[in-house]
Amino acid sequence: MPYNLVIKNGRLITAHTSYQADVAVQGEQIAAIGNDLSGEREVDAQGLYVIPGAIDGHVHLTDPTTPPPYRPKADSFAVGSRAAAFGGVTTIIDFVQPDPGQSLIEALDQRQKDADGQSVLDYCLHMNLRDPDPVRLQEFPLVFARGIPTYKFFMTYEGYRLPDDALFRAMEAVAAGNGLAIVHAENHLILQEFRRRLAAAGKSGPLWGPAGAPAIAEGEAIHRALALALLAGVRVLIYHVSSSEGVREIGLAKARGQSAYGEACVQYLVFTDEANVMAGPPIRSAVHQAALWQGLSNGSLDIVSTDHNASNRERPDQVVGASSIETRLALVHQFGVRTGRFSLNRWVELCCTRPARLFGLSHKGHLIPGYDADIVLFDPEKELTYSTEVLHSAIDYCTYEGITVKGTPVMTISRGEVLIENGQFVGRPGRGRFVERSFD
Amino acid sequence: MPYNLVIKNGRLITAHTSYQADVAVQGEQIAAIGNDLSGEREVDAQGLYVIPGAIDGHVHLTDPTTPPPYRPKADSFAVGSRAAAFGGVTTIIDFVQPDPGQSLIEALDQRQKDADGQSVLDYCLHMNLRDPDPVRLQEFPLVFARGIPTYKFFMTYEGYRLPDDALFRAMEAVAAGNGLAIVHAENHLILQEFRRRLAAAGKSGPLWGPAGAPAIAEGEAIHRALALALLAGVRVLIYHVSSSEGVREIGLAKARGQSAYGEACVQYLVFTDEANVMAGPPIRSAVHQAALWQGLSNGSLDIVSTDHNASNRERPDQVVGASSIETRLALVHQFGVRTGRFSLNRWVELCCTRPARLFGLSHKGHLIPGYDADIVLFDPEKELTYSTEVLHSAIDYCTYEGITVKGTPVMTISRGEVLIENGQFVGRPGRGRFVERSFD
Amino acid sequence: MPYNLVIKNGRLITAHTSYQADVAVQGEQIAAIGNDLSGEREVDAQGLYVIPGAIDGHVHLTDPTTPPPYRPKADSFAVGSRAAAFGGVTTIIDFVQPDPGQSLIEALDQRQKDADGQSVLDYCLHMNLRDPDPVRLQEFPLVFARGIPTYKFFMTYEGYRLPDDALFRAMEAVAAGNGLAIVHAENHLILQEFRRRLAAAGKSGPLWGPAGAPAIAEGEAIHRALALALLAGVRVLIYHVSSSEGVREIGLAKARGQSAYGEACVQYLVFTDEANVMAGPPIRSAVHQAALWQGLSNGSLDIVSTDHNASNRERPDQVVGASSIETRLALVHQFGVRTGRFSLNRWVELCCTRPARLFGLSHKGHLIPGYDADIVLFDPEKELTYSTEVLHSAIDYCTYEGITVKGTPVMTISRGEVLIENGQFVGRPGRGRFVERSFD
Amino acid sequence: MPYNLVIKNGRLITAHTSYQADVAVQGEQIAAIGNDLSGEREVDAQGLYVIPGAIDGHVHLTDPTTPPPYRPKADSFAVGSRAAAFGGVTTIIDFVQPDPGQSLIEALDQRQKDADGQSVLDYCLHMNLRDPDPVRLQEFPLVFARGIPTYKFFMTYEGYRLPDDALFRAMEAVAAGNGLAIVHAENHLILQEFRRRLAAAGKSGPLWGPAGAPAIAEGEAIHRALALALLAGVRVLIYHVSSSEGVREIGLAKARGQSAYGEACVQYLVFTDEANVMAGPPIRSAVHQAALWQGLSNGSLDIVSTDHNASNRERPDQVVGASSIETRLALVHQFGVRTGRFSLNRWVELCCTRPARLFGLSHKGHLIPGYDADIVLFDPEKELTYSTEVLHSAIDYCTYEGITVKGTPVMTISRGEVLIENGQFVGRPGRGRFVERSFD
C-alpha cells in the first residue's frame, strides 16, 4: 500500500550524517525512511538536500498587546508565517507579552487568538514575564499545563526588565516546572547611562548602536544571568548573543558543566556595525562577529534564530531591524557552510534539530518515523539574489538587499502538507496549529 | 511486499535521539525505518533498545606473526568473533603486524587468511608499522587501496616502536592518503628505565604495573604524538588512554583545534590498580579512572574499545589482560549510563556510532536505510553475572568474574543475519567479511 | 656620627629576599641599611625577623557618623590603633562615611577629627560614597587633593549600596584622578531575597551565614564589579573575597590583563562556617577557605587585611565580627608560612609591602633609606596563646581565643619612635598622623 | 669613617621598587644603602640609574674542548668578559664541556684554567653532560661540592644530546644535589629529518633557519623536558625559548605548580626571521617574537641572557650568531622598557636579580649590604649607535649594526672595583674570580 507522499532520491542531511534515502509521509507524520518507497504522490528530490523543517525559536509577529516603542510592527502571523515557509521554516515560536498585573493565562488566550486561523505554520509561544510581583509565578503551573515550558525574561528595557531578585524567583519557578529560562541579557542601568550621554550629545532617538550598549555591559549581564540560573538550578538560554564577551561567558559556563546555551541571530552573522542595521543588542564590529561564528563552530553557541521584528524604515539610510524570517536557512548555508566554517550537518543542527530539542518540541527537528512530516527540500545549486520583490515580508525594504545566496529552499512541507512548491505558496491559509511542548 | 526481517516495537537509541519505530531489513541492508512495517520475519522488540551493532576498533585475536611476548594468545578469529557477537558487537578491527623488512601487502594477505572463513563478524584490519625504513612507506598507497586507511604506531615496546622521525614520516604518509594515525603512546626509554629498576629490585617479568610505567611518561608521549601529528597534518587517535595527564593533553589539543581523538578501553573504566589486572599502559589509581570517565563525558575522549588480548593466567592472583570483547557494551551501559555519567545516546555514540565514523566505516554505525543491517537488541532489564561459564572466550578465567550487569544484549544481527538469539549462536561460522574502509 | 637608632644583627625579610643587616634610623626615616652601623640607641635583633611595619588597609574604628546597624562599635582610634601596634601594624586605613547629600570634604574634616590626636599609628582614610547623585562626584578632585586616592563602594547594604550606573560613574571619577576603586561585591537583591526567606522561616536578625549570602551571589557581583571597572578604565580592588567563585573571577580578570586585585581577610583564612563567626560576606566552607589560601599563594589575591569591626557579643555562642587588628601578622605567619603554603617573603609581601603599593603609600612598605622608619621585630620562636587578657582590643571576647601562634611581633617602631617594647606600649598617645597618598 | 666608595644621588632601580639613595662600598661588598653617606671616593650618579650588575647566565667564550662545529669561536675569556663589562655585566656563566668518557672534575679543572687569570669579571660554570653513561653521574656530588649546582643538557646535536632515559637520570642526580637542570630542548630526530630534506634540496650546511627546526619540534621537546623534570622532581630552566609553543608550555607548567623556568635570549627579542641572523633554535617570525615579549611580561619567561657565541661571518649576507654579550642590558631597556612592554623594575629583574636567584648566586643580584658590590650606572639619556667600532668583541661584524639605543651603561663596578668609566676599561685584567654557587 503506497504512502501518501514520498520524497524520492534526495540526500538526507541530518545533524549527524548524510545519506541517500526516500522519506515517506503518511497523514501528518513521517512514516518511514527507506529505499524504494512508493507513494500516491512522489516528489523527485534528486540533487536536493532533504532536511527537517527549520525552526525559528525567536520571532516577533505583530502583537497589539506589546506597548510601543517595542511593539512588533512588521508582519502579521498570516504574512510572517507565509514568508517563513518560503524560507524553509516549518515552526515559529513567538511570545505572549502579558501586561504587568495581567493574568498570564488571559494573555495567552488573547495571543493564541492572534495566531489561530492566521498562521500557516505550526507555532508555539514563549511566555514573557514583565511583572516582578511573585504572585504572577503562581500561574506558571497553569502555563506549563498549556504546553509552554519556555519563559523569556528581560534584563533591560524599561517596563520589561525584571530586577535580579524577580528574575531569580522566576527562574526558580521555571526550574520547578522543568522548563527553560530565556534571557535578553544587557545591563540596563549601564545602557541607560550610555544612552543618556548620547542623548545629551544630541544623539537621541529609540535607535542606538554599539556606542549606546557596550559589549562589556552585555558580557556582564550574560554572566549574571548564568549565575542566577545556576543558583536557581534552571537551564538557561541567552538570546541574540552579540559580543565576544558573551560567547566567552557561555563557553566558560559550559566548561564548568552548567546547562547554559546561546543563540546567535542571523543578522549578527551577516552584518557588522558598518552596515547600519539596527538591533538590540547592537550589531558590533568584525571581531565580535568572528567570535559568534567561532562560537557556533565550537559549540559555545547552540542555535541560530532571527529575532524577526523589523519595521518599515524611518530614514533612508537606516535599516530598522532585520527581516530574517525568510532568509536564515539560506544565509547560514551561504556564510557558514559555503565558507567552510562548519559542515552541512552542523547547519541542520543549528537551524533545525537543536532548536527542536532546546525548546522542547518532541516531535520535530528529526527526519524520523513518528515525527511530524516537516520536511524541506533545499537546492544547493539554486541561486537567489535578495530584494523586496523576491521576499514575502510586508516590510517595505529588504535588509539583505543585493546579497546572493547559492542554495535555497525549493519545497516546504508541514505535517505532510506541501506549502511551498515551484516558488508558490500552495498551502491552506491559517492551517497552522499551536504546538504544546514539554521537556518530560 | 513484506521486508525480509522487521524489528518491531523497539525503542531506537541513536547517538542523538531515542524513538519508537520498526526497523526493516532487506537482504544485508537496512531498508526502512518506519511504523507498521511488515516482514517475512518479525521480531518483537517491545521493551528493548534497538541500537546499531557495536564496533570494537581495537582487538588482538590470535596472530602467529606477532613475535612473543606480545603475541595475542587469547582467542582465534572464530572464537573471538563469536564471543564478540554475544556481546552485541558486529564489527571488529584487528591488526596486520608485518615483520620489519616484510612487505606490508604480503603481511596483509597473510593476515586476511587468518580471518577469512573464520570470523563470524565483519572485520577490518589496521596496518601496523614496525619498520622505520622509509622504503616501507612506499607501500602505503597500496594498503590504502586495499581499504585500510588506519595505521597503528607504537612509541614503546622493543621491536615495535618507531623513533620520532620514522613516526613522523609514517604520519605524513598516512596524511597523504587521508587516513588516521593511531598511536600507542608511552615514553619507551623512561619505561625501560623504570622496569630496569624494578627488575634490579627483583620485580622482573613481562608484566608490570603503574610502578613501571608512570602516568607522566604516558602524558609526555601523548603530547609528543599529538605534536608530531600536528606537524604531519594528520588526524590522530590515541589508543587506551590511561592517565589524567593523557586526557588533559588530548583535551588541550582539541581546544586548540587539532583533529585529535582518544580511546578508553573498558578495563580501565571498571578497574583500578587495586584489582591486579595487567595491561599496558597499566591500569592506574581511582583518580586516573575518574579522569577517563570525565573525558568520555565531556568529549576529551571519543570512543570505548577493548584492546582484547588476554592470555591464560600464569599465577592465580594475576589477571593477564582483560577479556572485554564480549562485555564492553553492557559494562559501559552499567557503569556509564546507570550511574548517570552520561546518557543512553552517548553510550551508543561511544560504542557504535563514533567508532564507525572515526575508523572510516561508511556503512555502519547508524540505523539508516542503505546502511548494513548490523543491529543489536539490548534488554535494559536483563541481569547477567559474569563468569567463565557465561562468557564465550577461550580464556580460562573471567576478568569481570562476579560483576553483575543489569542490561545486556539479547539479539545480534549482522548484515541482516541473526547471529545471536535466545542466548545461542545461530549464525553461519566464517560468514564475516573483510570490510574496506576510506574517509573520502 | 651615630644614627639615632640602629636595629642590629637582625634578619631582614623583604618581599623578595632575606638577608642579615643593620637598619639605621635618623629622625623619622630609615637612613641606612648596612653593616656595622652604630646608633645612639642600638637594639639587638639577633634571632629576630626585621620587617616593614604591617599595613592594615581595611579597618573600621568607632565612627559615630555611620548609621546603625553597621556603625563600628568596637574600638576607638585610640584603643584600636594601640592594639594594632601591639600586632606589628604601623599604618591603618579607615573610612570616611559621608551621609547621602553630605559634602565629602565636610565628612572628611569630621572624620579626621575622630582620629587626629587619638591614633597612635599613622592612618589614612578611604572615601566611601553612598550617594548616587552625580553631583557628589564633583568633589572627587578635592578629595584627591587631600591625599585620598582610594574610594570604597558597596554593591549591597541598604543605604550604602550604589546601583550599577552610579557605581560606574563613580569608578570613572576615580579613574580620572588615577585612583583605586574598592568594592564590597555581593548581589544585593539576591541577598535580600535569601534573607527574606530566612526571616520568613524565623531566622531573622542582622546576622546571617552562608545560607543568606550564597557564594554564587558574591562571584556574580565580583564579576560585575570587575566588568564595570574595565569599562570605566579604573584599577579595582575587591574587598574580603570569601568564595572560590570570587577568587576565580579575579584570577580570570588578571589573566585577561585587567588591573584587578583581591583582598583576603584573616578571619576567612583561619575559620570556616563551622566556627560561627559572623561576617559579611559570610565565612564559608573549607572548600572556599582552601581557594582563598591558594589565591594568596598563586597571586589571584594580593593582600591580607582585617575588616576589623567587631562588637561585643550578643549571644554567648556567637562571635560578632573578628577582632583581627592585633593578630593578623602572626596568624598569617602561623597558618601561611608555618604550614608551607608560602614563603616568609610572600608573608611580608601580603601584609606589608603590597598593601603599601596598592593603596598608594609611597614611603611605607619597604625597608629602604628615605622611607618611613616603620619597622617591626618579629620573634619567630615566641609563642602566644590568644585570649581577651592577652589582646588589647576593647571588645569583651577574643575571636581567636585559645589559638596558639609560634611567632609574634616583639617590637613596633613607627617613624623612628618605638611604640611597643617588652610587651608594653611605650609610645606617645595620639602621635599618629594622617598620611596623604597618591599613585603619581 | 668614610666608606671606600660611595655612589651618590643616583636612582636605585631594584626588581621591585625605585628610590633615591647612596650606595656605599667597603672592600668588595656593599656596606650600606643610605642617605648622605660619604666615601673616600664619591661618584655622582645624579640623573643615572643605579642597578645591580647584570648577570649573563648563558655565554660561550672560546673553548678548545668543545668539538667543532659547535666550538665557541668568538671571544676569549679575556676579550669577552671585558666586552661584557662595557655592557654593564658583572657576572658571566660559561660551561664545562667534558668529552664523553672524560671525568667531569678533570674537565672542570681544565675549563677553570681557561678562565682564571683571564676573565675580568667574576665567572661561574654550568656543567654540561654529554655522556649518557650512568657512571658519570657518580661525579655529580663532587661537582656540586665545587660550587656548581647547575647542569646543562642537550636534547639535540649529535654528540651532545642525551636520550630521554639518560636525561631523566641526570635530572634525578641534579635533584639529589638540590640543583637546577637546564635544557636545550628541540626534538633531535625531527630536526635531523627536516635538515636531511633541506640538504637533499641542496640547502645544506651547518646553518639553518626555521625551515630546518619547526616551532612544534621545540614546543614538543620543551614539554618533554618539563615532563621528565616533573618526574625527576627537579627544578628546570629551558634555555633560549624561541617559539610561542615553548612559551605556552612553560606557562602551563607554571600554572600547574611546577618549578619550571624559561630564558629568552636577546637576539630573539630584537630580530625576526627576516634578519638572517643564525641561531639554534632559529630566530622565528614576528608572531613568535611577540609571544616571547609577552612571556617576559606576564611571567611565563623568567630571564634574558645572550647565548653569546658568535663567529666571524662566512658569507657577507649572514650573521653567524649574535654578539649580544655587550648589548643585552641596553637592548632590553630599549625594546622592553622604552616601548612600554614592562617597567624598569622588571628590566632589572630579568637581567640582574632573577638570574642571580635562579642560578644560585647568593651574594649577587641585589643592592643589599653584605652583597658583592657589583653595581652598574646606567644613563637613560645617553644614546649609542652600535657598530663594530663601538663594541668590544673580537668578532669582525656587529649583529646590531646601526641600531641606536637611548640608554646605556656608563660605569661598571665589580666587587668594589671600577672596571668601566668614561668609556674606558680601567680594571685589572684577569681579576675575575670563579664564584661557587648553591641553592641551600
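Each chain gets a letter, A, B, C and D, in the order it is written, and its residues are counted from 1.
Rule of thumb we're sticking to: a contact is a pair of C-beta atoms (placed from the backbone, for glycine too) under 8 Å apart; a residue touches a chain by one contact, two chains touch by 3 or more.
It should be emphasised that the depicted structure is a prediction, and the values quoted were computed from it without experimental measurement.
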Required steps from chain A to chain D (each step between touching chains, minimum): 2
Centroid-based (C-alpha) most distant chain relative to chain A: D
Whole-Å separation of chain centres (CA-atom averages), chain A against chain C: 51
Centroid spacing, where centroids are CA-atom means, of chain C and chain D in whole angstrom: 41
Overlap residues in chain A, where contacts from two or more other chains coincide: none
Chains grouped in pairs wherever the two touch, ordered by label: A-B, A-C, B-D, C-D
Residue ranges of chain A in contact with chain B within the complex: 15-17, 19-22, 24, 26, 29-37, 353, 357, 366, 368-371
Footprint of chain D on chain B - complex, ascending: 163-165, 168-169, 187, 189-190, 192-193, 214, 216-217, 219-220, 223-224, 227-228, 230-231
